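To keep things clear, I will list the structure first and then write my remarks on it.
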Amino acid sequence: MNPDSKQSIPRKPIPDVQDEADHRHIDIDKVGVKDLVYPITVLDREKETQQTVGRVSMYVNLPHQFKGTHMSRFVELLNEHRHNMSTTAIPDILQAMRKRLQAAKAHLEVAFPFFLTKRAPVSGAEGLMSYNCTVRGSADAENLELEIEIEIPITALCPCSKAISDEGAHNQRGWVTVRFIQDKLVWIEEIIEAVEGSASCEVYSVLKREDEKYVTEKAYANPMFVEDVARSVAQKLAAHPRILAWAVEVENEESIHAHNAYAYIEGKNPCPPPNS
Amino acid sequence: MNPDSKQSIPRKPIPDVQDEADHRHIDIDKVGVKDLVYPITVLDREKETQQTVGRVSMYVNLPHQFKGTHMSRFVELLNEHRHNMSTTAIPDILQAMRKRLQAAKAHLEVAFPFFLTKRAPVSGAEGLMSYNCTVRGSADAENLELEIEIEIPITALCPCSKAISDEGAHNQRGWVTVRFIQDKLVWIEEIIEAVEGSASCEVYSVLKREDEKYVTEKAYANPMFVEDVARSVAQKLAAHPRILAWAVEVENEESIHAHNAYAYIEGKNPCPPPNS
Amino acid sequence: MNPDSKQSIPRKPIPDVQDEADHRHIDIDKVGVKDLVYPITVLDREKETQQTVGRVSMYVNLPHQFKGTHMSRFVELLNEHRHNMSTTAIPDILQAMRKRLQAAKAHLEVAFPFFLTKRAPVSGAEGLMSYNCTVRGSADAENLELEIEIEIPITALCPCSKAISDEGAHNQRGWVTVRFIQDKLVWIEEIIEAVEGSASCEVYSVLKREDEKYVTEKAYANPMFVEDVARSVAQKLAAHPRILAWAVEVENEESIHAHNAYAYIEGKNPCPPPNS
Amino acid sequence: MNPDSKQSIPRKPIPDVQDEADHRHIDIDKVGVKDLVYPITVLDREKETQQTVGRVSMYVNLPHQFKGTHMSRFVELLNEHRHNMSTTAIPDILQAMRKRLQAAKAHLEVAFPFFLTKRAPVSGAEGLMSYNCTVRGSADAENLELEIEIEIPITALCPCSKAISDEGAHNQRGWVTVRFIQDKLVWIEEIIEAVEGSASCEVYSVLKREDEKYVTEKAYANPMFVEDVARSVAQKLAAHPRILAWAVEVENEESIHAHNAYAYIEGKNPCPPPNS
């Protein structure tokens, strides 16, 4: 190879290998980019928007006759849309993906910490809580599927331990993960409130001494198995007027074991009346 | 509280809180223990068995009228069965779980590294490869579902990069994850071989210089997009006589990006004839 | 327990157990809170500030005569200072921690993704890159130690593979981690530039076809072992006028193995002249 | 390129690029392979040996005049020595590494779960506990450094919460990490016992109802701050006749917060008398 000739006369035009034909007759369900870490903006019931950091994956389907997709277009779309990655904006982003990638179906997954200011129960001391959220959207020309997942820490105090022990009861941090498909907008804040009201006690980032007395006594007064927390959350999700389908998963970091206790319930809600 | 009286006259018999009634009418899909790390034994086509370390989760369903399950029984069952946690043994373990926990349905998940001796392609130098496997089983009185997942590292060399560049081509480690439901026993080793034959090149733990020349040239001669690897594996899974349903996921640790390229295909195979 | 009497006449004043004496004569080096996830603001050479998400840990020493520290004060301090967690602000935060916790020594660790806009080398297409940074500060009344860590993805192409193979060369994503103690302000951006210029090629979030040709050919023209990358970065750190001590760690996600290649070098720079 | 001619007349002999000279005058502290997952055998006080799975990293130093090390030799050595990777065997492995790699200094890191059978405190029900261990060894011609790290789960019950609350007390799973350098053999089991006796209560894998009553009441009777656990372990490590230097780190998964409480103490023991 003569490097000089390479400079003056390109040996070959740049071919578009991705657009070549593939002859195996296998459609690809999802192809794209995974785990881009990006600063994003999401909706916030109190402050309208909040800035956070997302882990973003973007895929489209690829019909059997095409060899490859165009990966750089996903990142260009992310650049354009990162200033509004709220659940309300995701339907438009999915349609933009379908158009730019010339695909029948598009998929987007965004995972991010969502922050809320929370006051300690007695002292009122303020702190921020961080909740891991993941939004997964899929759309074709007619249908949109949007699944939202929120992970909420709680306190769980064991009813068995309380009942059988002369004093005290083992308790632990638990993690409640709610996944749901909505009919109309459900605020992340609504789900957090529902879950925090379904535990032995909720957790806080700042607790002064008077708060610590309160949460200790509240948890002791509300013993709940991992099953109880799951059922209590399930009851609320099943009654939610804007949720179509849901699942709740509770995982307790047992203070008496090195392993976790786990419970899972899923359900579908009856269709809401057309004018609800 | 008088500790002496506590010793002689128990203040209260130990109640069985878990067996109490629950009145919310919510069945629990899965309840149990999660993420126990245990030494386990699994089947090995060459050496009959191999010892490894599993991360084990065990669940049962819980009808709405019961408040809680009996968590310690899961660990007792694990103790009894850990010396054979092969896919062939899992149906029996699931039935034992159903019986001991008096449950209609049982679920078991075991994740473990599976080791194979592998020879370098030219020098024949031996090394061990580790493949992450996960077996997920569910059973009720009549039905058994067994899903097997295997994660296999490969080399993927980009066809576009090769085609457009005067010299070289970017390549990277990729991870192929295959999940399948089997009709009859499929060896983990079969899937590993199928995947390692579907990449630009397979990876090894030991490579001498002559081997490195071989794998470099082999990968350069077999450029494959993330889509190509997924399609090539899909083709083999779709043709496998003992696999009923499958999914393949390929994730390339792109050497030119900080994010990954991703492709996913799933499929169902036609039912095998009754006497196959 | 009578809840009414509890309200009117507290059964006991709330004791301050943490302030009680401890008689074991053991000083505690660090005690505090670990892994709070918080939205934070840091300095940015281009845009002055950027908003990101930090994982924050805060500790103080505890002399042997005290039983415990006051954990809630750490979170209150974090609330007050999160709007400027830059390396330039950390000395003040550490002094505020010492004062509020009445401690001789304070420690702060903040880990966060730092974002930079980066243009593709030929097309100029813009994308954001994310770099994991960690700042670790410690201070007593007289001394301040500030260690900064930055993790930078690169492309590394193997010189041996290139030299022995008729065509192609294996290459992979590598991760370069630089840790340093500064004499005067060193911008995160400076270190990123130094490292990205010390690899076979740098990585990008968006690459069009002409860019992919460029990075492929550039990497092929600049083969570097994991050792070469480490030495090249070390050379720059050793010559940096505002760095006192440093370490560089390179980890390549080998495309021909399931394990990684690794190199590590550390060094101390001669003290700069007093008026430098 | 004519593949036939390539077969018969190799275009070039395979060069040894790693043995080429490097002219930057920079010694490399550590170079080698990282994160190989391998089945290994370690020593066990009860059963003599136990089989487990290790994550292994192996490095040597590289003088400034050499361009690269020979990575495949590390894996060959691992193959030869994996059947005894106990702390007592590591000095020999390090010398074998120095010899095979022609290096002045060798480094080995092996992380593995270590299993112990443990009986529930009242029922005597048996279960296995898994403890994460890491052994880090370094040796040159004269000196050997061997650091052992063990991570042990415990229960910690908050003294403040107990003192200020009318009933109950928050408690949680804590993780105690001990690192030490030994003068003569210290069994992993010894450290586990020392730590499990330094907490509000120890944790178990199987607990029947009578055991749960016992551990609940024991923890309530032994309230300990994160500081108390650290001090109690520190006291034992400081008095250990075969330990030269040590550090203890306690991290409590606070049941009332989403973040953790943390304490750290390190120390050096006086040199033992020569004939001890």
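Going in written order, the chains are labelled A, B, C and D, and every chain counts its residues from 1.
Definition applied: a residue touches a chain if its C-beta (ideal position, glycine included) is under 8 Å from a C-beta of that chain, and two chains touch if they have at least 3 such contacts.
What you see is a predicted model; the values in this text were computed from it and never measured.
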Item to check | Chains touching both chain A and chain C | outcome: B, D
Item to check | Identity of the chain that, by mean CA position, is farthest from chain D | outcome: A
Item to check | Where chain C and chain D are represented by their mean Cα positions, the distance between them in whole Å | outcome: 24
Item to check | Geometric centre distance via CA averages, chain D-chain B, whole Å | outcome: 27
Item to check | Centre distance in Å when chain B and chain C are each reduced to the mean of their C-alpha atoms | outcome: 34
Checklist entry - Which parts of chain B, given as residue numbers and ranges, touch two or more other chains? => result 14, 36-37, 130, 160, 164, 166-167, 205, 207, 209, 213, 257-259
Checklist outcome for this item: Within the complex, chain D is touched by chain B residues 14, 16, 36-39, 50-53, 72, 75-76, 79, 82, 113, 115, 125-128, 130, 205-210, 213
Checklist outcome for this item: In their shared complex, chain D is touched by residues of chain C numbered 1, 6, 11-12, 14-15, 17-18, 22, 24, 26-37, 57, 59, 62, 67-69, 71, 159-160, 163-164, 166-167, 225-228, 230-232, 234-235, 238, 251, 257-266
Item to check | Parts of chain A lying in touch with chain D, wherever the complex brings them together | outcome: 129-130, 153, 155-158, 160-162, 164-173, 201, 203-205, 207, 209, 212-213, 215-217, 219-221, 253-259
